[in-house]
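Shared between the two complexes below is subunit A, which has subunit B as its partner in the first and subunit C in the second.
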Partner chain A sequence: MAPQPQPTSVFVLDNGASEIKAGLASSPSPTIYPNAITRSRDRRVFIADELYTQCKDFSGLVYRRPYEKGHLTNWESEKVIWDRVIYGDGSSSSDGVRPEETAFILGEPSAQLPVCSANTDQIVFEEYGFATYFRCPSAFLVHENDHNEALYQTEEETDAQPLAESTKKNTKLLKSDTTLVIDSGYSATVVTPIIENKVYHAGIKRLNIGGKLLRNYLKETISYRHYNMMDESYIVNEIKEHCCYVSTKFAADLEICKKFSLAKNPLAIEYVLPRASASGFRAGHVRTKSEASEPDDQILVLANERFSIPEVLFHPSDIDIAQAGVPEIIAQSLNTIPDRDVRNLLLANTVFVGGSTKFEGFKERVSSELQALTPDDAFLRLGFPDDPITYAWQGGARLGQQKARLRSLQVTKKEYMEYGSNICLQKFGRPAKDDREL
Partner chain B sequence: MPLVEIIASGSTAGVKKAGVGRKRAVAANHPANAKPADSAVVKRAIARRIADLERENYNDAVKIDIPKRQGGSSSGAGPSVSGRTPGVRKLLQSKKVLQNLVDEDEAGASEVAAVMAGASLYPARKICSVCGYWGPITCVRCRARYCSMACEDTHRETRCLKVYA
Partner chain C sequence: MAPATPPSNTAAPAFSLFDADITSAPKPFRKPGHKTPSRRIKNAKQIAADEMKRIQSLPDESRSAALMDTPTYLNVEAPPSVMPRKWWCDITGLKASYRMPNNGMRYHNKEIYEVIKHLPPGVDQQYLQLRSANVVLR
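Here is the complex of A and B:
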């Protein structure tokens, strides 16, 4: 048998349900692809990033996603998307990856259905034929990123005790082998504890609220109160990103919206809906005070919708979802860990990633509520990366540069051919029972 | 051309119009005649709404076929179709949805169910289902919340469960 060629490069792919973050570990940042096949109103079909390069009119866009509720179920569609991500767009200038010479690092959502992960393993080796392969929850890639001091720095110190002081007192808690990752993604918000460089499966907690549900809830609300926008997923998602925020004083904001008419409400904003015209598609935007309105502008005025929508992350019961909000599911996750010292370690090394953490006010709200739920003497150090979308990929790239460490985690093509898919489940999968004593 | 059209009374909750006479409908809508829905009906309505909120497209019947591209573009660099292993071929043609996979893999499904976060320790808040303000009043028929008589009227005209004895 010919000797196995050593992989010459490392390709990192963070396979999110909404967006794929992918690129060579040696590149400074990943390329972001929509993990979807989309169809516009004029029935043109776009694979992944073709949406941004070829689509002109985003109204009435419909999606087909390989993911269903956070589980990768459909390989018929994921295959054509991965082909673009891995091989490039087929133009001669593109630098596609040659899988047989490449080490592959894959991040998947936490708590995948095991059969979905096994299917992925099969595709990676039998269809693409990567030289070596390591699969883990994206939360583990987040953990692999170096959480330097800047991550945890807050702009204004609200605490009486300055952070630097308290950090000094708690240096023994600053461990790099333990991280609590909260990923508020597209399909769900998942808390994943990583203890001594291992995912602690018994502590994973999933709240079924993510960007998709928030978008649909906003869509439902706008359609009920203003215009029918039920078919406008793309546009409503833009509105959500531009207009919504997490209120740090929900009751007071609600009173303001009750007290003032829309015209006088300081919290109300006007959103100019996008428009398709002969001259092309004009994107929607928040209208500024000074902006003159054009006669055929369609204006959507949003008031309490701005903060009531993201509020369900904190109070799922507002829309009858019988689960606890984000700060409470963090507490639920910690409660599965019997050792108090480990809990304190996790609290001192907590990182928030995912698109829904980008709401203005999310950080302040989650910090104050988590403070209230944890013991007085617990030292909370919450990290909010500048770019919560690519933070996991950056961690994967960092792992890709540690050759020896990666070698201890990965499965080679030769091993796969010899032992079959069981070797992947054994090396990456969760043990049948968590045998580690905590 | 405007992208969206203004609709008169925005019922989007997918409430089914019952096929009964107008008189009877009016009578049933009158608060004095309102019959409380039993809890199973209310639970089903809530479950349906949450399922609606998890949808990818509002029109669930949307089917997008994989576009066939000629000449190498997306699939050209991959292994030839004939070189595929039977397992991969089967996987790429599989039409199974999540429910099928869950039904086939009981152990895996119970693992997935085990990670679901539990309920809150705190009581649910009362939010008006029409305007979003606090909603202290409960609809006797469908258990939805509202805050005022104006919102009550809107609720009855649009979203309230149409339950007939």
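Here is the complex of A and C:
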């Protein structure tokens, strides 16, 4: 048999429960597809990003997601979505990828059940037939970025330790091989330490609070206090993204909301709900003071919901979830590591990715609470990328450019055909040292 | 009809595999778009249950390792917090600094205490049920 030709391009796909970020490694940024099949109220079905181009009315959208509680269970739906992502939608603007001559890099959530990963491996080789394949937790792809260039360069130096001009000119920080990745996504918030370029599985900690829970909590709160929005997932998600923020002084803000009525509360805002009208769809937005209100606007006034919903990330006990908040799970993850120098190294290289880190005030709150939980002499560097949603994909694209390294990590189709799916388990690492038969 | 014609220069065999192939014959009795309902999809609860069953069926030595030492999806959940917990009043939702000694309801100030003191018998358990702190008799 003729030797297989080297793959000509690298396709990076970051599989998330809420969104898929995919594209060729050579492109500057990924295309973002919602990872769901949605059905609108007029019974039209949209696959992935057809929602943004074809849907006119976002009220009453019903989602069918392949990911359930963080597990990829429904390959029937996922295959339909991946067909669109990989092969394109047939239009000239998006060219699909030819799997037989493409190397595939896949990022999946941390600590996936092995059975779900094994199903993924089978689909990649047997259904699509990619030339080569590398699967890893998306935290590993985040680690592949050069944080020193991308994130920490803009940190101001403290007055206590001003860097000499010559030091600033001559020192180029090397890319660290140790990163602490905190991914606050749709299903959960997961802390993944990566030590010496390998995922440290014993230190992975998962908090079951993510964008999905925050959105559902906001839905229940709004439905209890204002309008019934239990069916309106998309709209409530928009409200959460536009209106909610993390308060750095929660008790004080709550006192303000208690003292003032809704009309006079400085923290309250008015949100104009979206409506589909004859002239087209008008998106929901926060009403500014100068804006005139149209007569048939539906207005939602939010005050303490704005900061008490994201507060759940820091105090899950508020809604009776018996888990620690985000700063404390970082501390719990660090406590699994016996070496103090490695712990300090991790604290100096933290990266926060995922949509739920985009709340205003999240960075300040995590900084102050984490400082209280870590030793005085630890040098905390918290990295917040400009685009936390595509940062993992950027790392995958960077890995895709390093051909030799990728060749040592990946599994080729020939190897898969010879050895079966166990070769994937072996090469991509598994959390346990003891062998499992699948 | 047949997927490929047999080569014509060989002697015609008595039994031809190509003629016996019925997969590409037209089947008018079959609905064209019919797909068998897929029952192989397991939802998240079933997958998690299967994983627990697999771990329980391991021999004793690897079972304790699988349950406690090795990190799996089921045991990387973050444990509860060690910081002191914030309580919220069961009636008003404000900060609750006080607790009713008889049933454990949390309240904000003495005004609310006067209300809670005289709640009818089952109602206080209903309030506690909202935060899963009620007493369940089996």
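As a convention for this text, the second predicted complex is superposed on the first by the 404 of 438 C-alpha atoms of A that agree within 3 Å, B and C clash if a C-alpha of one lies under 4 Å from a C-alpha of the other, contacts with A are read in each partner's own complex, and residues count from 1 in each chain.
Rule of thumb we're sticking to: a contact is a pair of C-beta atoms (placed from the backbone, for glycine too) under 8 Å apart; a residue touches a chain by one contact, two chains touch by 3 or more.
For clarity, every value in this text was computed on a predicted model and none was experimentally measured.
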{"item": "Simultaneous placement of subunit C and subunit B on subunit A, clash or fit", "value": "clash"}
{"item": "Touching partner for A:T73 - first (subunit B), second (subunit C), both, neither", "value": "both"}
{"item": "First (subunit B), second (subunit C), both or neither touched by A:E328", "value": "both"}
{"item": "Partner chain in contact with A:V236 - subunit B first, subunit C second, else both or neither", "value": "neither"}
{"item": "More subunit A residues in contact - subunit B or subunit C", "value": "B"}
{"item": "First, second, both or neither for A:K205, with subunit B first and subunit C second", "value": "both"}
{"item": "Touching partner for A:V12 - first (subunit B), second (subunit C), both, neither", "value": "neither"}
{"item": "Contact residues of subunit A, present in both the subunit B and the subunit C interface", "value": "68-69, 71, 73-76, 110-111, 113, 115-116, 190-191, 204-208, 254, 258, 315-318, 320, 322-325, 328-329, 332"}
{"item": "Contact set on subunit C toward subunit A in their complex", "value": "38, 41-44, 47-48, 50-51, 62, 65-66, 70-73, 76-83, 85-86, 88, 94-95, 131-132"}
{"item": "List of subunit A residues in touch with subunit C within their complex", "value": "68-71, 73-76, 110-113, 115-116, 190-191, 201-202, 204-208, 251, 254, 258, 315-318, 320, 322-325, 328-329, 332, 431-434"}
{"item": "Residue ranges of subunit B in contact with subunit A within the complex", "value": "1-7, 10-13, 46, 49-50, 52-59, 62-67, 72-79, 84-85, 87-88, 91-98, 101-102, 104-105, 107-109, 111-112, 115-121, 124-125, 127, 130-134, 158-159"}
{"item": "Contacting residues of subunit A [partner subunit B, same complex]", "value": "37-39, 45, 47, 59, 62-65, 68-69, 71, 73-77, 79-80, 83-84, 87-90, 96, 110-111, 113-116, 119, 122-123, 126-129, 190-191, 204-208, 212-213, 216-217, 219-221, 223-233, 235, 254, 257-258, 273-277, 296, 298, 304-305, 308, 315-325, 328-329, 332, 430"}
